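Letters A, B, C and D mark the chains in the order given here, with residues in each chain numbered from 1 onward.
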Amino acid sequence: MKLVYFAWVRERVGKTDEDLEVPEGIATVADLVRWLKGRGEEYEYAFENDGIVRAAIDHVHVKPEAPIAGAREIAFFPPMTGG
Amino acid sequence: MKLVYFAWVRERVGKTDEDLEVPEGIATVADLVRWLKGRGEEYEYAFENDGIVRAAIDHVHVKPEAPIAGAREIAFFPPMTGG
Amino acid sequence: MKGGSAMARTIRIQAEPFDVAGETAALTRGRADIGAVVSFMGFCRDEGGRLTALELEHYPGMAEAEIARIAERAESRWPLLGLTVIHRFGRLSLGEEIVLVLAASAHRTAAFEAASFLMDYLKTQAPFWKREHLKDGTVGAWVEAKEADDRAVERWG
Amino acid sequence: MKGGSAMARTIRIQAEPFDVAGETAALTRGRADIGAVVSFMGFCRDEGGRLTALELEHYPGMAEAEIARIAERAESRWPLLGLTVIHRFGRLSLGEEIVLVLAASAHRTAAFEAASFLMDYLKTQAPFWKREHLKDGTVGAWVEAKEADDRAVERWG
């Protein structure tokens, strides 16, 4: 599964993207965030404030409870500030 | 006193403007319209529907009850359709 | 970069076309306080194929004065940094532009509201009159004022 | 003159500046059914003299897709005849334009509302992030999302 990061989430994680084997039992975006936070301080830091970081699956905004099965690309980023 | 006419008011009156000596006792725009309507069919026609024709005194919109004393230029025209 | 928050106001009544990019650049050039410019451009429609042109008559002198009064009301109501109103007159063919309104502000809400306010008042208060030129070559009727335009003005109180 | 009421939609994410007059002409050329074009242009402000530039990061692919979804919602809500959204990325200096939205319709109300709707959703839904470049030459903070922008979106229901 490909993960991509943007803006300060990218800076905190320390990379723009990565390919990860996500273990069985990680069913939702929230599960994935929890699992990532257990993988190292950089993830802990990026996701430190619950509910701030947004997610998208295959270019579509999703909520934390969204299932990740079948996802090709999952993105994490701060609230948008374009326009 | 200079009177100016626009759009279909101008066409009905048959002139773009005129200088008129307005008699004593013609105090308001409504008085002036009444007096004009007595001057000929063309004015009767232009002002046939009471309350449709708008007026301006010296480039400022006014109501029928506005006094005309001191006016340099009084304009009559249909409701505006610019923009 | 000029830091001032001076209000730049341009009002022109002209027969010639206008250039929205040039007018926008003139409004924003050298300024770093403007964050939003909303523009309205009105165009000559064919009204379902009936028309070939519109003819616009105006009251010279009063048109400029009345638009200035409308602009003053907008400027006192919203924190505007610039305002441009250009209204054309004469014969305008299908697809030609009739009117340009630009409203500049630090933020978008003021610019959107002021541009919309200006158009509502221009339509009902500025001394311009449109007449239709028909496809068969004849001159048609004067355009009638719309009740919807009067109602649009009422919402500004 | 083409009589059709086809909806023309243009969405571009680019580093280069855009030309509002050219984009407006592209939207209206050969059409006599468009009576109103409302545009919004967003510019890089200095925030009271603190900034020299903004840096815009975006999510390629999703940015286009999300703007297309926002455009579809606007098109289903208002009788639009054309829609253009151009959003820039990269380093933008003070006074440079960031975003252009054009909404074309037969009448002004639909064009005003659609342009305002598009901007509210662009601000809060399109995957772009701004970072400040400060006057002292250092790179400043990422711009924080504003609650006022979330509230602005809520009014569309």
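The rule we apply is simple: a residue touches a chain if its C-beta (ideal position, glycine included) is under 8 Å from a C-beta of that chain, and two chains touch if they have at least 3 such contacts.
To keep track of the chains, here are their UniProt names: A, B = Molybdopterin converting factor subunit 1.
Treat the numbers as computed from the prediction; the structure is a model and nothing was measured.
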item: Distance in touch steps, counted as few as possible, from subunit A out to subunit C; value: 2
item: Least step count from subunit A to subunit D, where 1 means the two chains touch; value: 1
item: Centre-of-Cα separation between subunit B and subunit A, whole angstrom; value: 72
item: Mean-CA-position distance for subunit C and subunit B (Å); value: 27
item: Distance from the mean Cα position of subunit D to that of subunit B, given in whole angstrom; value: 48
item: Whole-Å gap separating subunit C and subunit D, where each centre is the average of the chain's CA atoms; value: 22
item: Residues of subunit C engaged with two or more neighbouring chains; value: 42, 119
item: Chains grouped in pairs wherever the two touch, ordered by label; value: A-D, B-C, C-D
item: Touch list for subunit B against partner subunit C, complex; value: 4, 6-8, 56, 59-61, 75, 77-83
item: Residue numbers on subunit D that touch subunit C, as the complex places them; value: 1, 3, 19-22, 24, 28-46, 49, 94-95, 106, 108-109, 111-112, 115-116, 119, 152
item: In the complex with subunit B, residue positions of subunit C that touch it; value: 42, 56-59, 61-62, 65-66, 87, 98-99, 119, 122-131, 142-145
